[in-house]
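The next part holds the structures, each set out as structure tokens.
Paired with subunit B in one complex and with subunit C in the other, subunit A is shared by the two complexes that follow.
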Partner chain A sequence: MKRESLWHTRKAYWYIIPSLSLFFFFFLYPIIYTVYISATNANFFNIMKGPTFVGVENYETLLFEKDFFYSLIRTVLFMLTSVPLKVLAGLLLAILFSSPLVKAKRILMPLALIPWAAPWFFSVLIWRGMFNVDFGIINKMLISIGLSPINWLNNAGNAFIAYNIVEVYLTYPFMMATIFSAIQSVPPDLYESAIMDGAGSWAKFRHVTLPLVKKPLFWATIMTGIASYLIFGVPFLLNSGGPAGENEFLLVYGYKEAFNLGRYGYAAAFMILVFILLAILVFTFLKLTKMMEE
Partner chain B sequence: MKTIFLSWVLTGLALLIVIAGLFPLYWIVVAALRPYGTLYTTKIMLFPIDATLDAFRWLLFESKFFIWLKNSLIVYMVTLFTCMMTVVPASYTLSRFKFSGKNSLLSSYFVLSQIMTGMSVMGLIALYTLLLKLQLINSLIVLGLIYAASLVPYISWYLKTYFDSLPKDFDEAALVDGASFFQNLRYVVIPMAKPGIVVAITLITVIAWSEWTLASILLGSENFTLAVGLVSLQARWETPWNRFAAMSILYAIPIITVFVLAQRYLKAGLTLGGIKG
Partner chain C sequence: MSTKGITRTTTVVLTIAIIVIAAIGIWYFTLPPPHVVKGTVVVWHGDADPVARITEHLLETEFKELYPDIEVKYELAPEPFQTKLLITIPAGTGPDLFEWNHDWTGTLAEADLLTPIDDLVTSELKAKFTESAFEAGYYHGKQYTLPFSAEVGAFAYNNKLLGTRSVPKTTDELVALMEEYKAQGLYGISIPLVPYLVSGFVHAFGGWFWDDETGTVGVNSTGTKEAMKWVLDTFKPYMTEDASWDPQVAIFTEGDAPFTINGPWMVGSWRDAGISFTITTIPKISEINKEPMPYTGVRCVFMTKCVRDKEAAWTVMQWLATSEERIYQRAVQLGYIPVLKEVLDLSDIKADPVISGFAEEVALGRPMASGPEMVAVWGPFQDALNAMWAGVKTVDQALDDAQAQIVQAIEAMK
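Moving on, here comes the complex of A and B:
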């Protein structure tokens, strides 16, 4: 058998098909089925008997109610605060841990990454305990240094801050590891020649490190931006997007409409809109990356 | 002199960050050792002077811990087995063979793997209603298959990039000498790809073990996994913090251990899979 023809064979499809069909039947098909549900009046009571077809009625309701736009604006606001915080935290930590001045890095760096391993919902629940207004450790600390305790989770503004704190906590190991390995890949002689040219620390960072870590930094920003758009677990488990639904981000609102109120058809239409916006977002990002590469 | 001082300040700062990052984990250990109800005092207690193993006694003898553990293990085994059996041959094929449609499949896998958690929340309504109609709801095996399916894009992408980094010579020689596709996979490729396979298994383990969102909707209370059971302890008006903390520790220790052991491989794996694409 010739070497070239070895890798050109129709059999290749047979080796792909099992994984593809697994993905299709147990993941993609339900997502497509969402489109059908969104065109029915499916709810908690009629789901077994068979809901009736209502066309675009759910979408009309969505666009005339203010709920969709309210949670969209809330979500965009969360993206605007959490993404810069996450990127900045990752960048600063990566710079700190790659500084030759920091000692015992071989011990400190793996320790700094441990929170990454803790299951996310488990960390969120611990934070929920720490944010508790009466016995949470955060308020105890505030009191002990003479400040007044903060009602973290029963106030929309404070809860919004709490989400940002927890989100940064959950993502900093990933951001830090990504940017750190990018900084490590900068060849050291580039720094040496920069020092020869009389560059200070800032100039070294600005003209040597930053251009080389720009691409991974950009990718990490996009990924974490998408994660912020799809934020669900943090607000849902901290105070279920509360208080009084004031912090119901897109997925939290859709989830609660479906599983707390049983409005499957309406919630499915909502999710489809969220998905369309996501597709536009991802598409724009991919275009931006292509433009950056050229 | 100035550099030495700066070096100490920066090292101190790094240490402070490490401590802050690990603090929630420390807090949960302290909480597990405190007696029931004492967490409601307003005093800070960094070291539990009234330490007791009550919570652990409750966990081992009175709670549903072992039922939930068994359920978790069933889901996990189904996920791991199905995912590896289908994805290893597929990702090897994606790495080596040339066929039309390959590039578009790979780029959709890449995009999908980045939005998977959000996608599963979006698809959950349809998944729930569909399984309700087919009477497949509340099945640990079906949940395992769903997890495996949701991991296909991520693991395929990761293993494909890993196989790309291996030299072609050995498996090509085996195929030229007349080995079948699966013989080649079994005796040549998999032994060569052990580090990558270990990372893939670690990723599957971490993700399947810590999934809560789907399990909380698709499982009834008799079939709770550890993740759902753990959250259910908190859902009441008054959370038994010491019990919650004790169970969290037993739940999280295996996964944190796996992660720490595989960390060296993982970092390379994650940057390969997630960023360089």
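Moving on, here comes the complex of A and C:
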């Protein structure tokens, strides 16, 4: 009996070998290679010839690099603004679509999901055109109502607002769909009981809907928070994190170090540090969520 | 002579004939078959559609007829071009050949991403090109490229908008005209704010980017700073707020600006848009009484380190550089200056106003530095341009920061 069980276990290992190999080559190997590169002086010119081992030198440089800290602060600021906006937009739309007062949901829901379905880079490029100071439709609309045009992408503060707008546009469908499906799963009799207890719309939302959608809402918030932390495409395509690097978030900074200046070793160390910070962030958030639940 | 004698003679002659024919047959059929070059060659280029169209068409016609067994995949390179080369060539997934300016030679050769072609180039082949163009692909004792055209950013004006007014020869005259157009609600000029297109002003004021000979960075030199202050003071009031590539290109192509500074890669788009234009030299800078000296580039074909079929790739490389029809069409349709002597000497090439306009500017220009250090210059200088244009930093601050960043990156390379 014991031998048979061992045989079954061995057989199971054979079965998982293909997927383990794939995991090693496509996931684990790049991570190990990045760790190795981060301990070398790899750059444009020596990557083919073989870089030299420099130990933790890249990490030391990174910890004294003010541009790294600036990009980290900017990224955290972006998380603090974009995550609440995305959650709020998704929540409001989910409540709206859950309301029996809204008609033609079969038409409106698919329309609201368009930003999710369209290729994101295509949407960002359209937004770039819309934000253009001279020809963009947003400024044309502002002028038509008697307001001054705004230099959206050549001013650090305005560009930051533009990133938030585009990020909310791109990710609200995810938030909306997650919260909407959670709301749909709330048993209707709970609402009926609340009504019998004299609850109004706000009370129903506060005491019935919110507690039941809290878990998926937290989960979606973590996911969208990670997306904000790792934001790259929006600032890079809108104005390369400009003007003058004023809005260089973590990944834009890392990209420029790696591919504009060819500092592969430094950029690899940077990526590892970004990953460690992200892991700490997610861990803290999960702990907080658990504490709140308790 | 008896019948018997004739028969014997005939038999002997016939036997000899049969033996000779058989010998010829054996000799013929034992000959090695004629050598046919076969294979698939991937070529990356960085040209927009009107430029690429010429080569794509000729690959389907002329090349296919000459080399039916070679398949050429002529593809628009993914962006950012150089970064993709740096990533894909070591991984073995890059192109066999690619087309770009000579200034990448040093960077890519130092990174060991190119295959030298010294053992393939014959003296006859070398003699087909102008000497300076051929030598543009020479780096640290090795030849890496074959050239096919020269290019430069020159001054272009819209014939319809300029009308009977005189073509500005100095920047004072240019400013007076820009003022006039501004009063009419148009933009004065379109200059995409990129290092390559402002290089003429930087050099005229005595500034520089990177000097291969002295090994120095001149991004925050007095000349560069003076040049950039002058550029902002002179042109900014007459340009769009957004000085990036797309809006700048759009205003000239749509007839909203009478003047531009740009290169031959734009000629096809202007013609497609129905713009009547003339190419000439950039006006002399009145304040210092000097002609701008823009960077000139030599368009080349490079063979990468990950070339899969060297013989087929070399065949394609030679054709790209020596197809007279390709070089001729690029010249007459787009204004790329030929460097293939046979095409350069054609009378209609010499008489073409667009080509001669660019050629005049090339004569005033300065070849781009091709040292690997240039790779560290473009990005920070572009950031500095954006910062000073947006007013986020002063010219001095922006260029000092860029200089520090470039020097740090060059140090890291060592």
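By our rule, the second predicted complex is superposed on the first by the 274 of 294 C-alpha atoms of A that agree within 3 Å, B and C clash if a C-alpha of one lies under 4 Å from a C-alpha of the other, contacts with A are read in each partner's own complex, and residues count from 1 in each chain.
One rule holds for everything that comes next: a contact is a pair of C-beta atoms (placed from the backbone, for glycine too) under 8 Å apart; a residue touches a chain by one contact, two chains touch by 3 or more.
Being a predicted model, the structure only gives us computed values, none of them experimental.
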Simultaneous placement of subunit C and subunit B on subunit A, clash or fit: clash
Touching partner for A:Leu261 - first (subunit B), second (subunit C), both, neither: second
First (subunit B), second (subunit C), both or neither touched by A:Thr289: neither
Partner chain(s) touched by A:Asn158 [first = subunit B, second = subunit C, both, neither]: neither
Partner chain(s) touched by A:Ile47 [first = subunit B, second = subunit C, both, neither]: both
Partner chain in contact with A:Leu22 - subunit B first, subunit C second, else both or neither: first
Partner chain in contact with A:Val102 - subunit B first, subunit C second, else both or neither: first
Touched partner set for A:Gly245, first subunit B, second subunit C, both or neither: second
Touching partner for A:Thr81 - first (subunit B), second (subunit C), both, neither: neither
Contacts of A:Phe135 with subunit B and subunit C, given as first, second, both or neither: both
Comparison of subunit B and subunit C by subunit A residues contacted: B
Subunit B and subunit C contact sites that coincide on subunit A, given as residue numbers: 47-48, 134-135, 259
Residues of subunit A touching subunit C in the complex: 41, 43-45, 47-49, 132-135, 151, 153-156, 240, 242-246, 256, 259-263, 266
Residue ranges of subunit C in contact with subunit A within the complex: 80, 83, 86, 90, 107, 110-113, 240-242, 247, 250, 305, 372, 375-376, 378-380, 383-384, 386-387, 389-390, 392-393, 398, 405, 409, 412-413
Residue numbers on subunit B that touch subunit A, as the complex places them: 3, 6-7, 10-11, 13-15, 17-18, 21-22, 24-25, 27-28, 31, 39-44, 82, 85-87, 89-90, 92-94, 96-99, 105, 111, 114-115, 117-130, 132-133, 145-146, 148-150, 152-153, 156, 172, 175-176, 181, 206, 209-210, 212-213, 217, 227, 230-231, 234, 239, 241, 244, 248, 251-252, 255-256, 258-260, 263, 267, 270-271, 274-275
Subunit A - residues contacting subunit B, complex: 1, 3, 6-13, 15-16, 18-20, 22-23, 25-27, 30-34, 36-37, 42, 47-48, 93, 96-97, 99, 101-105, 108, 110-123, 125-130, 134-135, 137, 140-141, 143-144, 169, 172-174, 177-178, 181, 216, 219-220, 223, 226-227, 229-230, 232-233, 237, 251, 254-255, 258-259, 264, 267-268, 271, 274-275, 278, 282, 286
